[in-house]
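These are the structures, in structure tokens.
Shared between the two complexes below is chain A, which pairs with chain B and chain C, respectively.
Right after this comes the complex of A and B.
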């Protein structure tokens, strides 16, 4: 596993063998959330099972509301957030889509709801394995978005999520994506920090003069139409732009208070001198890093870049990490049918980020691991080999390669 | 349950508070009865209230940026979310007060929706909201019998046969809308034993409506009121007759005014007089002929409509409330 706790300075707190979902539930307790809403769908719902247990046992005092649908689930926290309550919610796959109306307006309302997306395929046909299209549906709407790859990172990122989302310079909701099963259900050693340290890092949520309360009789979300909507969209855009510095600030404080050394936006793995770099998000980091080490042993200059944050997109970090590579391969655990390269979302974003980099770096797109299919070592090596071919030819290969898929099934 | 505001009953219109918390700035149609419902609702509740409004006429026509009529804090909620908005705001306030993050005081939470938002799309969320005895809130459904904000499309609550933009009378089909669902409050009252107060009302009987809002908020927990709102634009009549049409709906027995408090049903106003046999129902044709939306009705249609109203009063186990009759003798097993 990529957990680095062993190398770090000792932090007050305790070590526990817990799943990614449980790590997020622990973060909820540490953050002293006020309102949480649950509705069952695999795999995210494990976080709610852990949370309900924490609440039942008195470890967290908070309103635990089991909604009658995902739509209500997200509407309830939206309004709780408007009156000033710290909130947590989550969903997976089609459940996330059932709530999409509420999810869209939460960003428009600038309400700092924090949600866990336990990434899941959008059945039909029935599938509950990991795919990223659920979370990606909101990529354009004003949600802060990140992908975590370990239980430790899940806990850390949740604390950072409230801090950034609730910062008055930002006031945007935040979706933490965790790969279904791979992270939500797998256990790792996680260091759970001391609550007193968390209180130093995470100030109380203060909605200020936007709070819905009789002492502050404002009207929220009146009809603005063509008169004002554009100005308000631009305000959301400005908030998203400002969030970058707020995220950097949060990581600096996080590292200082918890004695850690996290990088805010990306994780670079042996990219320094790499000629060929694969890019991806989430738990596929594990098999790709193993492949990098094996190939390095054979003398191949390969590396891996993991995007931790997706919105705001870490443009400078991506450009810096990839500009010296001879070719880049982007692994999408998602699809964007009919897109320019008939590939995935991430590849198009990375390719766009590299457009102005001189000399332009060839980009190859891989669609892999859909529906929770495992990304094995042979698949990882295959992706490196194809990217190496692009490095040799010096040209982008725009055909998009589906990795680990049965042939002749059309 | 946290404490509620104790709002005493208002004895007669002259004793109603003079303060308005829904004032100028709205752009509702002339003769809009739903606007009156909003005004009465918040007059009854008073200033220490948070109001949440679903998409619909009372959102779009009322809350134009820079000219909102709401003096109290107000927030929009999605079309099907009046129940969730109420639960969310009430839960948020409760959590913050319980944990000492907000000054403790009883704050009314009222969430309103139209018939489209309530009787159609939002029914499941309202139902869920009524299962939370620990949160104090009122969901008020103002029923103008169509999706009136979007062009008068038929809703689940539109009356049988009404001409709407989705149910126009034509050569092949005179009656395009043949559903009948007018019993949302009673439907909710029967499945949610933890709701202490569920009522119907009509702004034509303003004091009754004021007191029903006050009763709901005073009793606390999750409560629901369904108001019957004549709509000049959607029903096609001269705006001056809104008040009269509301009264006619009650006097013909089409709209039945009642309240259920802690499981006890009471009729109010003319509905009570009809129920105890002190007053005869007016024929439904007096109500139907006043509205353009029924102009295509034949004698047969009017007779059918009358038979449906008769059924409500003569065949239902509990007139106007429940069509279910008790049979202790029959044992089919």
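Right after this comes the complex of A and C.
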């Protein structure tokens, strides 16, 4: 890896061959974070390795605190954020779960911590492969959440994450999910923007009169009873609702400053005239897009919708992209055992978003790629085929299909 | 259909078992008479904090359906009897969360009763108890609050004496005979049954006129709507750095004005400004930044903020310079330093007397000599025998 100071870098930035984890580390340096906390767990730990190298090389000056557990790791950034430090943290799988107490209150206290979840299956059994249930555990708590699918998107989204999270209209933490191995450990050419442009995009974190400081004596998180808590929850709800416009604003500025053309909430791939659309998050976009191209070559009108942001849920974009389809198939790299239709989390959300769309679009649920299992072309074609059947029958198929699960050999 | 509700206002942790025993005694005794009831705690977090005012309730109804009308509520909106098991709580109650000061008789019904364990007379208590504006009744169970610092008098019979007095002030709820039966069943202790009966016989009820009581307005504030509340669970404090009470000279420490702690206090520190060497220890060690630094370098405890923990008295290196004394003797939170400034001799005379009197008093932060517990149990029994002149 080459390290150059901002002065040497051309305004257009530079291209580097880096992994998703490295891209996040680069974003940390560009955002000039103040405090980062580390505790090793695969695949998240790779970010820590790259960050410590950036610090050792003098490319980033920040407090790098190695905690004794994930719980402390998240507690430390929570407190650092309260005193006005820009923070970065992260974990994976059960490590993220171990920190859940701190994670839950970070949103309640409206602290704009940015975290990377290197998505990993919850062990036991010991497993490094990708599943999304780790990140999804916080979906109801007031965290902004998104899934990235490339190294470039990881870097871009991290910069956007601090900008949105630290906006005084929002002040909510943001979890960036990156599929373990597929993204965290795969190197791609990434354009690293110039620090001077980043400074124009990302103002310093200013907590105003909410900042914990001896000159600004405030009580944070007092004991409250039933007379207070509901109003506080309502405030968090209002902040989450406001975040939608703040995200849109951030993408507009991002595109203007960095000469890019990102869409804020979703990526639509050949959905324009599609009769059958699959929906998913993260790196499974790649095999599905390949399948879309193959099937299009055969004249089938298929498309793919990738959700970039999951909280706030992009309801208008989802409705708009899917309302003209004859059927929709939702791919979950997660599970929600015992839920309606025994389906996955994403499918329930998409179904709910489509409930009021007239005429109602049939929805099929797929659980696929658990534990990092590859979503192959045959699997992708199978999902399109099943969704096409729903399109023909015009009715939702409520059985939830597990794709790629091994059946007994006769 | 007659539902009876009783609340017990108590000091968190120390008196929780006492309050639970009282409320369970009520419900079990009522059940003997064919009624049905419930006993439950409120205003305590779990675990409760030392001395923080908390409440226990007993609700008794004629049948299950009637009881459900009460169960559907968070707590009773009014009670037939308020039982106050530490007389310093008569100054008012601030719950463990963020409320303002609730008068001790806030939930007491018109014509209902307030039952207090105290060594004070009714008139003295009424200097603390806020004016109700409607008639009710006051009764006293003679004796100290059944705890001392972290120590609890578990066998001073306060629980059953309260039940006996309750049969007197609220005869419609449960008969004395039913209480006696239940006390025998729970504790298998004839002495306890006798204590309850004696309390029943001795309890006198004093009517309280609507205009009687402490006329000061209890600290309160309007709860803001969710858009008016500051974001992120933050509450503004008083900044440090200005002079004494915002004026010239001295020092104002940072502190929250919203969370007043005084209703947690059973003892308060009194300071001898004459012998104080200005060593700063009380100021530095007070966990609640209570001490305002005066322009002449002395330390005045802000008694709205003081929770009465006793740390200042423990750390003060000068003998009898900071002394913890019974909170029950005071009717307000006014500044000791102001008094000292106004009338040095008068203040010091009062201080010397009060410190001397404290040495002979039972109220203390814990036990200070071997056998103190036994002595105090005996004294409580004697007080109970002697009865109380209302």
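One rule holds in what follows: the second predicted complex is superposed on the first by the 396 of 410 C-alpha atoms of A that agree within 3 Å, B and C clash if a C-alpha of one lies under 4 Å from a C-alpha of the other, contacts with A are read in each partner's own complex, and residues count from 1 in each chain.
We adopt the following convention: a contact is a pair of C-beta atoms (placed from the backbone, for glycine too) under 8 Å apart; a residue touches a chain by one contact, two chains touch by 3 or more.
Only a predicted model underlies this, so the values are computations on that prediction, with no experimental measurement involved.
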Side-by-side fit of chain B and chain C on chain A, or clash: clash
First, second, both or neither for A:110, with chain B first and chain C second: second
Partner chain in contact with A:65 - chain B first, chain C second, else both or neither: first
Chain C versus chain B, contacts on chain A by residue: B
Touching partner for A:210 - first (chain B), second (chain C), both, neither: second
First, second, both or neither for A:298, with chain B first and chain C second: neither
Which superposed partner A:219 touches (first chain B, second chain C, both, neither): both
First, second, both or neither for A:84, with chain B first and chain C second: first
Partner chain(s) touched by A:171 [first = chain B, second = chain C, both, neither]: second
Partner chain in contact with A:75 - chain B first, chain C second, else both or neither: first
Which superposed partner A:228 touches (first chain B, second chain C, both, neither): both
Among 135-143, 171-179 or 225-233 on chain B, the segment whose C-alpha atoms clash with chain C after superposition: 225-233
Chain B and chain C footprints on chain A, overlapping residues: 214, 216-224, 227-228
Residue ranges of chain A in contact with chain C within the complex: 108-111, 171, 209-210, 214-228, 230-232, 234-235, 238-239
Touching residues on chain B, where the partner in the complex is chain A: 47-50, 52, 59-60, 63-66, 68, 70-78, 80-81, 83-85, 87-89, 91-96, 98-99, 101-102, 107, 124-125, 127-128, 132
Chain B contact footprint on chain A (complex, rising order): 32, 34-35, 61-63, 65, 67-69, 71-72, 75-85, 87, 101-102, 105, 204, 212-214, 216-224, 227-228
Touch list for chain C against partner chain A, complex: 43, 45, 74, 95-99, 223-227, 229-241, 254-256, 258-259
